[in-house]
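Comments concern the structure below.
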Amino acid sequence: QSQSEQGSLPKKVNIGYLRVPNDEMVSKTKAVYDDYFNKLGVPYEFIVFDSGVDANKALASGSIDFATMGNTNGIIALSRGIDVELIWIHEVLGEIEGLAVKNGSNITKPQDLVGQKIATPFASTAHYSLLNYLKEAGIENQVQLLDMQTAEIVAAWERGDINAAYTWQPTLGDLTKNGTILVSSADMAEKGCVTANVCLVRKEFSAQYPELVAGFVKCLSDGGDLYRSNPQEAAAAVAAELGITTDNALMQMTGSIWLTPEEQLGADYMGTTGKPGNFSKIMKDTADFLQSQKAIDKAPSQEEFDAFINSTYIEMSQK
Amino acid sequence: MQNKKDFNKNHRMLTLLTWAFIFLVWFIITRFNLVSHLIVPSPGEVIQTFIAIVKDGYNGISLWEHLGISMLRLLIASALAIVTAVPLGLFSGYFSKVGAVVDSIVQFYRPLPPLAYYVVLILWLGIGESSKVTLLYLAAFAPIYIACVAAVANIRVEYLLSAKSLGASGKDLFFQIVFPACLPDIFTSIRTAVGVAYTTLVSAEMIAATSGLGWMVIDASRYLKSSVIFVGIIIMGITGVLIDQGLKALEKKIVFWKGYQ
Amino acid sequence: MNNELIIEIDNLTVDYPTDNEPVRALDRVDLKICQHDFICVLGPSGCGKSTLLNVIAGFTQPSDGTFLMHGQPVAGPDRQRGVVFQSASLYPWMSVRKNVEFGPKIKGLPATEITRIASHYLEQVHLLEVADQPPFQLSGGMKQRVALARALANEPAILLLDEPFGALDALTRIHMQQLVRKIWQQDQNTIFMITHDVDEALSLGTRLLVMSKCPGTIIQEFSVDFCDRAIDEHTGRVHVDADYLALREEILDLIDV
Amino acid sequence: MQNKKDFNKNHRMLTLLTWAFIFLVWFIITRFNLVSHLIVPSPGEVIQTFIAIVKDGYNGISLWEHLGISMLRLLIASALAIVTAVPLGLFSGYFSKVGAVVDSIVQFYRPLPPLAYYVVLILWLGIGESSKVTLLYLAAFAPIYIACVAAVANIRVEYLLSAKSLGASGKDLFFQIVFPACLPDIFTSIRTAVGVAYTTLVSAEMIAATSGLGWMVIDASRYLKSSVIFVGIIIMGITGVLIDQGLKALEKKIVFWKGYQ
Amino acid sequence: MNNELIIEIDNLTVDYPTDNEPVRALDRVDLKICQHDFICVLGPSGCGKSTLLNVIAGFTQPSDGTFLMHGQPVAGPDRQRGVVFQSASLYPWMSVRKNVEFGPKIKGLPATEITRIASHYLEQVHLLEVADQPPFQLSGGMKQRVALARALANEPAILLLDEPFGALDALTRIHMQQLVRKIWQQDQNTIFMITHDVDEALSLGTRLLVMSKCPGTIIQEFSVDFCDRAIDEHTGRVHVDADYLALREEILDLIDV
C-alpha cells in the first residue's frame, strides 16, 4: 500500500477514547488496532477521557489526534474553532441514554417533574436531550438542573437527594434498579433530537496522513463488522475490558444503533463527499439549540457543518 | 535612599509597568494571532465577556449572585472553622490529653487532597450545600487548629506565671491570658485558612452546583469558553487578594499588639 | 529581725527531672524571711537563685524539705507573693492601667476600688500619664515600673524580684533602684530580690545572701544598712565609703571564681 | 509531672486508644449495617481491597507504580519550585526593584484555586506530564517565594552590617550571609509548599491520567468503589504524614541552628 | 595624643529621614581619634551614640560635615573598622572557628594563615576549646568574646564596640572588661566604645566623651588613666579611690537628668 511510503508516517498516534462499549472498544480489545499500527510500524497510544469535555481540551492543545465524544461536544469543538473534522459516527444513541425517575416519586409524566432536581452531566448529549425534553414539555424554567458526573448521580440517587437524572449506561442501569425510564434518547431521536457519539480528527493530522486516517476508519468499521457477525464474542471482549458482565455489555450495545460504512455514507447520516447527509442538518439544529441555551456563543453555519463532516475517509477505506 | 515616599512611588510605578508589560504582551500575541484565540483570548474579548457577564450574568444567574453564593459558602465554612478549631486547638494545646486525642486525627487528614475525600463527603452529606461547606470547612479547620496548638505551646511562660501570681486561675487564666496571648497566631492562621478554603472553592463547586464563581469557571471550561475562564480567573484573583487585604486590615486592628510580644 | 516571720524554708532541695539523671539545683537551703526584710541574693550564673525564687513563688515544688508561709504549706502561686521578672511580662493586649488592674479585678473588688488602687500604684511609679497606652510603647525602664505597680497592686505579703533591672541600662537602673528603695521605705514591703550587681545589692538590701555554685546553697549572709544610712538626700545615690568598698571587695571575692 | 518518659508514654497510649475507638465505631456501624456499605465500606472490605491492590495493583498497574508516579510528579514539581522560587524570592527581597516586578504577579495567582487555571494549563501545555507537573509546581512556588521575600526582610540587620565590616560584599554577602540566614524560613516554606502541592495532586491527576494515587481515587470514585476510595485515602494520608516527617527530619539536620538565631 | 591620627570628624550632622520631617540625631560633632586611644562614649538613651558609631563604621552617611579616615573619605563599611554589637551577631550556621575565620577568608588569605589567625584570637579570648561548637551553645559572655575575636581577626585600624557588655550580667561584665583591657594593652588597639555604665567607662577608657540629649553633641571630654594606674594585679579590678569617686559623681551629674 502507498501508506508505507517513507516519511508519510507520524512519529506517534494519540487516540482519545471513552470507556463505553462501542465499535472502537471492540477494535481495541480484539487487537484490530494492534494489527493495523504494528503493520504500519507506527507507535500509538490510547488515552482515556471521561467525556468529550476533556477530549476537546486535549485536541485544542494538540495532545491527541483522534477523539471520541458526543456530537454536542463535537459542535463545541467546531464552534470554538478547534481545527478538527468529524470522520465517523460510532453509534446513534438510543435506549442507552434516558431520563430515569425514582420509583415512588410519583413522576409519570413530564409535568410531574416541576419543582424537581434533575441531575445530568452538563455539556453532554444527555444534557442536550434533557433540555430538549423539558423545553418541549414547556417546563424548562420550572425544574432545577444539577451538574453532576455519573458516579455522583448514583450516589445522590442512592441517598435520595434526587429523584430524576438523565444519564447513560451503565449508570442508567444502576438507577433503574429502583426506578423507571421516563424517556429515552431513542424516544427523543424519533422526535428529531438525534444524539450520537462521533469520532473527530485533528485536521492538521488528517491533511498530512489521509491514508492513515482512512485506515483508522477501516479499523472502526471492522470493529462494527465483528459485532454484527458475532455479538456475543464482541460483547465478551468489551465486558472484560470494562469490568462488566457480558449480558450488561450486550444490553448496552444493543441499546444504540451501530452504522455500517454504507449507512454512514447514506443520505440519513454523513452522506458522501459533495453531497452532505441529514446528520449535518441535525448537527446544525443541535447547534442552534445550544446557542439558544447560551452554551455556545454562535452556532456554526450549515456550510461549516457540511465541511466539518468529512466522509472522504470512509470512502477511501471502502476502496 | 533619599526619601521614603519617593521610594514607594518608584516601586508602585515598577509594579504598574510590569502589569502594563504583561497586558502589552497579551495584546500583541493575540492581535497578531501568534496563538489560537481559543488558547489565549484577546484582551478585548475578555473585556467584552466581562461586560456581558456583569450585565447579563452567566447561565441566567447574575455575576453578583455567583460571587455572593461563593462568598457565602466561604464565609460559613470559615466561620464554622474558626469557632470550632480555635477552642479545640487551644484546649489541645493547653490540656495535653485533649491534644493526644485530637492531634493525630488532624495530622492524618490535613495533607489529604480535598478532592480525594470529596466523594466520601457527598456520599455522607449529599449534594446540597452541606457537603460543599463541609469541604471548605475541613480545608480551613486544620491550619487554624494546628496554629492554635502551637500558639499555646509558645506562650511566654512569664505571662502564665505572673497571671497565676496575680491570683488568676482556671477560666480567668484561659480567657484573659491564654486566649489573647494566642490571638496573633490565631489571626495569622485564619488568613491562611481562608486562603486554603478559597483555593478549594472550585473543587467544592465542581459537583452538583449551578452557581458560584468556581462552578462558572468549571462550566466555562466544559464549553471551552476561554474568555469566560479568563474573566473567572481574574475575578477570583482580585477577590482573593481583596479578601486577604481585608483580613490583614482586620488583623492590624484587632491584634494591634502583634509583633510586640 | 524583731518583725513578723513570713516565710520559713527548711532543708530545701530541688531536683529538676531530665532525660538522664535529675539535676540538683538547690541543696539543703535554710532561710527565714521576716516582715520588711529586703533580701538581695547574689551568686554566679546558674547557681539556683531563680529556682529558690520559683519555690517561694509557688512555681516550683520542693523535691525535699519544707517551705511554709505564715506557717502554712503552699500549694502553688497565689496573690500573696507578687513576682516581677527580668523581662517585662506585661500583657500587650491590655493598656498599662488594665495591666495594673488585673490583680484587683481577679480578686473581684468593686470597680471604683480597682480604679483607685491602679491609680495609686501608677502614681507611685510615676506612670499615671501613660496609663492608657499599650505597654509596648514604653521604654524598658517604664515597663519594669508597670510590672512593679502590677505586682504591688495586689498588696502581696512579699515581693519577689528576679533580676528586675538586669535588662536596663546603667542609668535607668540607678533610677529604678531609687524608686524601689523609696517604695520599700514608704510602704514597709518585704522584698526578695535576685541581682548580679553587687553595688545594687549593697545599696538596696538589708540582708545579702551569697550563693555557691550549682548545686546552690547559701554560703554566707551579710546584714547591711547602706540603704538606710548612706543615701544622698539630693541625688538618691549611695555614699560610697570605706566600709562599703571593703564589703564590696569581700563579696566580689566570694562569687568571683 | 513525675517523669518525662512516662508522660510521653501515656500520650502515645491515648492516641492509640483514639484510633482504636475510631476503628471500633467504624466496625460497629458497618457490622450492624447502620449505613449502606456503599457509603461506608466495612474495615474488612477495605483491608481485602488493600491486599488485593497491593497484590494485583489497580487497573493493571501495581500500587507501587501508582505511588511512584505520584511521588515522581510531586518530587519534580517541588524540586523545580525550590530551585526557581528560592533564588527569585531572595532576589526579590534583596533587590526591592526585582520584588516590585515579581511580587504582584505572585500575589495575584497565589489565592487562585488550582482547578481554575488547570484548564488553561492544559490548553497551553497539553494533557501530558508537563501540565500536571506545572500545576503542582505553581502550587508549590508561591509559598516558597513569599517566604523567601519575607525572610530577607527579617534578616537581623546586625548579620549584614557585621559581614560588611568584615569585608564581605556582593556575592560573598549573598551566599554566605543572606542565603544561610534565610535557610530556616526557606525550609519551613518548603514543607508548606510540598504539603500544598500534595493537596493538589488529585486535581492534577484528574484529567487524562491513567496512573497515580490521585487518579486511583478519582477513578474509584467514578465507579463508586468506596473501598478503593478508602484505601486510597488511607494511603494518601499515611504518605502525606510520612513526607512531612521526612522533611522535618531533614530540616532538623540541615538547619540545625533553627530557633537559635 | 602623640600617636598617629586615625579618624577625623568635623562638624558632623546626621538627620534620619522619616515620613514627616527628618529627625536630627547628631548635631555638629567634632572628634579626632588617634592610635591607641580607648574612647568611651557616655550619654542618655537616644542621644545619638549609636549614630556616631554607625557613621564611623560606614553604615550611616553623614548628612553634613566630613568624616575622614587616614585622611580619606569613607564610602561604606570595610575591614578597616571592626564592629561588635550589643547582642551577638554571630552566624549560627558557622562554628565558632568559622565565625572568626570569616574576615580572613573574605580577604582571601591562604588557608594556613586563616587557621593561624583564628587560633590566635580564639586563644586570646580563651575560647580555643569551644572552637568547633556552634555559637548558640555558648553563654552570653562567651558569645561576645567570639564576636570580639571575629572583629580582631581582621586586624582593623579601629574597633567599634556598641554597648558590647550591655546584655551581660554584672559579674560576666567585669570579666569581659578585664579581657578587653588586657587585649588593648597587649595589642595596642584603638577602641571606640559606647557604654551606659560609668564605672565601665572609668575603668577602661583613656578618653571619656559625654554626649547631650538629642540632637546629640559632645558636651564634655575627660582624659582618664585609671585603667593604667589603678588595676589590682591580682583581681584585675580597679582600685576605687577619691579621684575616681569624684569623677564618677561629676559624670553622673552630667548625664543624669
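When the chains are written out, they are named A, B, C, D and E in that same order, and each has its own residue count from 1.
In the analysis below, a contact is a pair of C-beta atoms (placed from the backbone, for glycine too) under 8 Å apart; a residue touches a chain by one contact, two chains touch by 3 or more.
Each chain and its UniProt protein: B, D = ABC transporter permease subunit; C, E = ATP-binding cassette domain-containing protein.
Just so it is clear, the structure is predicted and the values come from calculations on it, not from any experiment.
Chemist: Through how few touching steps can chain A be joined to chain C?
Modeler: Tracing touching chains, the least step count from chain A to chain C comes to 2.
Chemist: Which neighbours does chain A have in common with chain D?
Modeler: Common contact partners of chain A and chain D, which must touch each of the two, are B.
Chemist: Just curious, how far off is chain D from chain B if you go by their C-alpha centres, in Å?
Modeler: 18
Chemist: Between chain B and chain C, tell me the centre distance in angstrom, where each centre is the average of that chain's C-alpha atoms.
Modeler: 48
Chemist: Between chain A and chain B, what's the gap in Å when you average each chain's C-alpha atoms?
Modeler: Inter-chain centre distance comes to 39 Å.
Chemist: Can you tell me which residues of chain B touch two or more of the remaining chains?
Modeler: Expected reply: 38-39, 119, 123, 218, 221.
Chemist: Quick check: what residues of chain A touch more than one other chain, meaning two or more?
Modeler: Within chain A, the residues that touch at least two other chains are 57, 60-61, 149, 151, 155, 159.
Chemist: Sort out for me which residues of chain D touch chain E in the complex.
Modeler: Of all residues in chain D, those touching chain E are 156, 158-159, 161-168, 172, 176-177, 180-181, 183, 256-257, 260-261.
Chemist: Which of the residues in chain A come into contact with chain D in the complex?
Modeler: Listed in rising order, the residues are 16, 47-50, 54, 57-58, 60-64, 149-151, 154-155, 158-159.
Chemist: Which residues of chain E touch chain C once you look at their complex with the stated criterion?
Modeler: 44-45, 139, 163, 166-167, 169-172, 174, 195-200, 235, 237, 240, 245, 249, 252-253, 255-256
Chemist: Taking the complex as given, what residues does chain B use to touch chain D?
Modeler: 10-12, 14-15, 18-19, 22, 38-39, 96-97, 99-105, 107-117, 119-120, 123-124, 195, 198-203, 206, 214, 217-218, 221, 226, 229-230, 232-233, 236-241, 243-244
Chemist: Can you check the complex and tell me which residues of chain E touch chain D?
Modeler: So the residues of chain E in touch with chain D come to 57-59, 76-79, 81-83, 85, 87, 89, 91-93, 102-103, 106-107, 134, 136, 147, 150-151, 154.
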